[in-house]
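Chain IDs A, B and C follow the sequence of writing; residue 1 opens each chain.
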Amino acid sequence: MNGSTSSSVSTTPAAPTPACIDSSARILLLPIVSSLVWLVISSVLALIASVKLHSPTVLADSSWLTYGHTRPAANDAFVYGFASQAGLAVALWILCRLGRNTLVGGLPIAIGSIFWNLGVTFGLVGIFTGHTTGFDWLEFPKAGSFILLASYGVLGICALLNFRARQPGETYPSQWYILAALFWFPWLFTTARMLLVQFPVRGVMQLAVSGWFTNGLFTLWLTSLGLAVLLYFIPKISQAQLFSRSLALIAFWSLAVFGGWAGFYRGLPLPAWMISTGAAASVVLLVPMLATVANLWLTMGQGTPAKSGLLGYFKYSLIAFALCGVFAVFNAFIPQLRLTLFGEGVEQLFLYGFVGLALFGAIHYLAPRLTGQENDKFVCWSGMASTFGILLFAAAFLIGGILQQKRLIDGSVPFLDVMNKTKMFIRLSTLGVLLLVIGNILTLARVLLLVRACCQACCSSCCSESKPSVKLKPAGAAR
Amino acid sequence: MKDVKSTSMTEAEPSVRSGATYLSMWVLGLLGVLTWWAFSYVDARGGHFNSMVYAPYGSTNQLASFIPKDETGSAFARGKMVYGTYCGNCHQANGMGAAGIAPPLAGSEWVLAEGPNRIIRIPYLGLTGPIKVSGVEYNMAMLAIAAGGGMTEQQVADVLTYIRMDWGNKVAAPLVTPEQVSKVLAEIKARTDPMTADELLKLPALVP
Amino acid sequence: MNHGPLIFLGILVTFVMSWWGLIFAPQMQIGVQQNASLVDGIYPRPRAGLAEQGHHVYVANGCVQCHSQQVRQESYTFDVVLTAPGTNNEIVIRALGKIAPGINAGAVAAAATDQKPQTILTNVPQGVADDAQARLKKAGATAKTLFIPLGVDIARGWGSRLTVAADYLYDQPVQVGHSRLGPDLANYGQRAPSTKLILEHLYDPRLTMDKSLMPAHRYLFETKPVGKKSSPDALALTGKFAPPAGHEVVPKPEALQLVAYLQSLRASTSLFEAPASPAPQP
């Protein structure tokens, strides 16, 4: 054993084994598979949107596929359909594993997941038919959001029950982040929907609420899910202890205190104090970022990683997280940068590079264990496609954005020239999105194959005891 | 790149090294420095939390100093407040007056006359008897609301400027100055009776 | 950190702080802001019916994904213009000579009227401008100090001053935007071309601007067979944009509403928090 025994955990004699926990959590495959489907849909929509940016005459006759519809649809499908759902599923699994309890509430989770998908479907159809609310990351019309919030209620309560069912002992940082995230999301979402859609506040106050919500969604909800995953998997796969508990504590509480305040950038039509507060907060948020990165980097340095290609996912996810923190400061201070491709690039780097890669790694780790099958197909290829895809996309948009900003600032360059000179970067980004689509499809394919093998194993073992299960590795206990 | 299961790695859950490290002290120090910087930044650039201050401006005092010393504009603003205090009750906030209470000022040919000579006298002496305003005859009594120090000359000048500019009223030179008001006051020093419409019509519109 | 309720309490307190600071406090400030009362009426004025419908078309089509509606301003400066030369020409010319030695004082004094103010000083600090104005007043002339906002967006012609909360009071939802893939539209109404040109731009931006990256919004229009006479609304399209023979392209109501909305977009009125002087008439 490489010194990775847990400290000060008093397990009761009846603590279930990891294999037992995994088979009890099999229902989590439902949200995971549906989130991967949404992932593929989102990346296809993103591809269409990306193509339309540099070739605007393509598919111009369809009102559904105009850029103004496909871009927000791709964004929302990713955040709500994939990231939030997969994040919740992985979070539930992490809670069970860390708490050493079998999954509580399998049926409510399944129902919640089904209705979550229904909500996202309604929401996306609403966007395409023009019933969008008009606010970034909140475009779902009332029907879709209400269903989404209700199903979140079910899933969130199940997660809380799972946390409560844990074995007594010290909590691990991932659990703090998951607990925090479970409370942050409904507050953010409900406040934003109330103040923007149900009982709208007046004028530019909507911008304040929308900015606060968007920042909360990224810096609090998605960051927490991503960090919970990284803090769990990096020490596990590196076979080392997390470097420092106090660093983790500082990171968590500084994120909690300052995380909600960032999100406003120079130039917005808001009073100067709100802009300054947002800009200053984004600088202070470098501290939790640095603390977490240092913590995990030193953990990786100390360990001897298992032979697993999965560490790559989490390592690059961590790098993306660090970069996003730094770029957020650029966004807040450098004039007009947030409004160029750079701003979009940072958003997508955060979503795909940090949250996406972390969740992909987690899903690739989880899926064989939940299904009890083994299948190495596509792990390598999907990882490379996703990583290179986001690298290409982010690099194209970030560099293109910086050049766009320089030309925007220079009043002598006509606007048409500013945009035409960035066309090459947009074309490169389309290539990046194409790679992401391929990567996503491969990930989905792998998980579906695992699920299929699991179903076949189940069917063949219950249908007939006499027939040997052919060509399948036995649904054995994960060690 | 095999999956984890087939190696001999244990599936133990991750754990944390307890105990503080020097690194944590450094990070706490950095947090302190950045928080202090953040507060001083907001202090310097935050416009003192005033909702009227937008970058690049620094304070409402600075904004006030930019207001052009345009007499007509500021007289309008002051006059509007005076109107609300003294005249609005009868002539109404929209200048339309009310039947049996006061004739309208909006569109009134008395207000829109070339100069304020006639209308300066009304608040100081009052008005009695029939008067035709926009083709409608009114016969009520207006009190000498400004007499005996009831309103300062500046206030009378401002409110007359205001009524000549709001509610769609447009004249070439709407500004009424306190000097004009003083000149008229000197003329009517001896009189205490209210004016009548006929008497007013005999006077020139412009202040001599 | 091992008790769920304690963690929850900590999270609750920290989160409520940001809610209080960024939602509650601003609501008390800008959320209750009313229209500004200016010399020529209230600002902003509510949008006319067609423009208000156009706002919904703008939102429904996701125009905000490419277009922002926020004008930025980096700094400001002052100009001094002469509006009336007064009666004592000699003294005025002498004063002008002291204030602005480089200009042709005689010609400036002769030409200055209220409708045609003559620029005396440009790009000077406030103190200098006030001093010049005082001197000219003493000489019997009338001069005005103009407040000139400066910024990249303003230099590009996208607006005449920064946009502030008052400009968005009637917008629900506010479409301030997060991306400048297309030009800023906050003050588009002031530079908007004719209705016909805007419609052609919406139909296919390559009609009016060959290199534009804006998607074509052909679905806002209807291609239908020509009746006895062509519709008055029909777009005059030629070349590769022309509809098939015997057909004409007519804007749908959404297109007309959108155009009305675009033409109503203005943010140039001078306000207390965003001063701007009207430019001197040419």
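Note that in this section a contact is a pair of C-beta atoms (placed from the backbone, for glycine too) under 8 Å apart; a residue touches a chain by one contact, two chains touch by 3 or more.
These figures come from a predicted structure and were not determined experimentally.
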Relative to chain B, chain with the most remote C-alpha centre: A
Result of counting contacting C-beta pairs for A-B and A-C, higher pair: A-C
Computed distance of Cα centres, chain C from chain B, in Å: 23
Intercentroid distance (Cα basis), chain C paired with chain A, Å: 38
Interchain centroid distance [CA atoms averaged], chain A/chain B, Å: 51
Numbers and ranges of chain B residues touching at least 2 other chains: 51-55, 57
Residues of chain C whose C-beta touches two or more other chains: 26, 29-30, 33, 74, 162, 164-165
Multi-partner residues of chain A (each touching 2 or more other chains): 170, 266-267, 269-271, 277
Touching residues (chain side chain A, partner chain B) in the complex: 1-2, 4-7, 18, 97-98, 100, 170, 172-173, 231-233, 235-237, 239, 241-248, 250, 254, 266-267, 269-273, 275-277, 279-281, 283-284, 286-287, 290-291, 294, 298, 306-310, 365, 368-369, 374-376, 379-380, 478-479
Contact set on chain A toward chain C in their complex: 52-54, 56-57, 60-63, 66-69, 71-72, 127, 130-136, 160, 163-164, 169-171, 176, 179-180, 183-184, 187, 191, 195-196, 200-212, 216, 220, 249, 253, 256-257, 259-261, 266-271, 274, 277, 335-336, 338-341, 343-344, 408-409, 411, 415-416, 419-420, 423
Residue ranges of chain C touching chain B (in the complex, touch as defined): 26, 29-30, 33, 37, 39, 73-76, 126, 133, 144-145, 147, 162, 164-165, 272-275, 277
Chain B residues touching chain A - in the complex, by the definition given at the top: 1-21, 23-24, 27-28, 30-31, 34-35, 37-39, 41-42, 45-55, 57
Touching residues (chain side chain C, partner chain A) in the complex: 1-2, 4, 7-8, 10-12, 14-15, 17-19, 21-23, 26-27, 29-33, 59-66, 68, 70, 72, 74, 152, 155-156, 162-183, 204-206, 209, 211-220
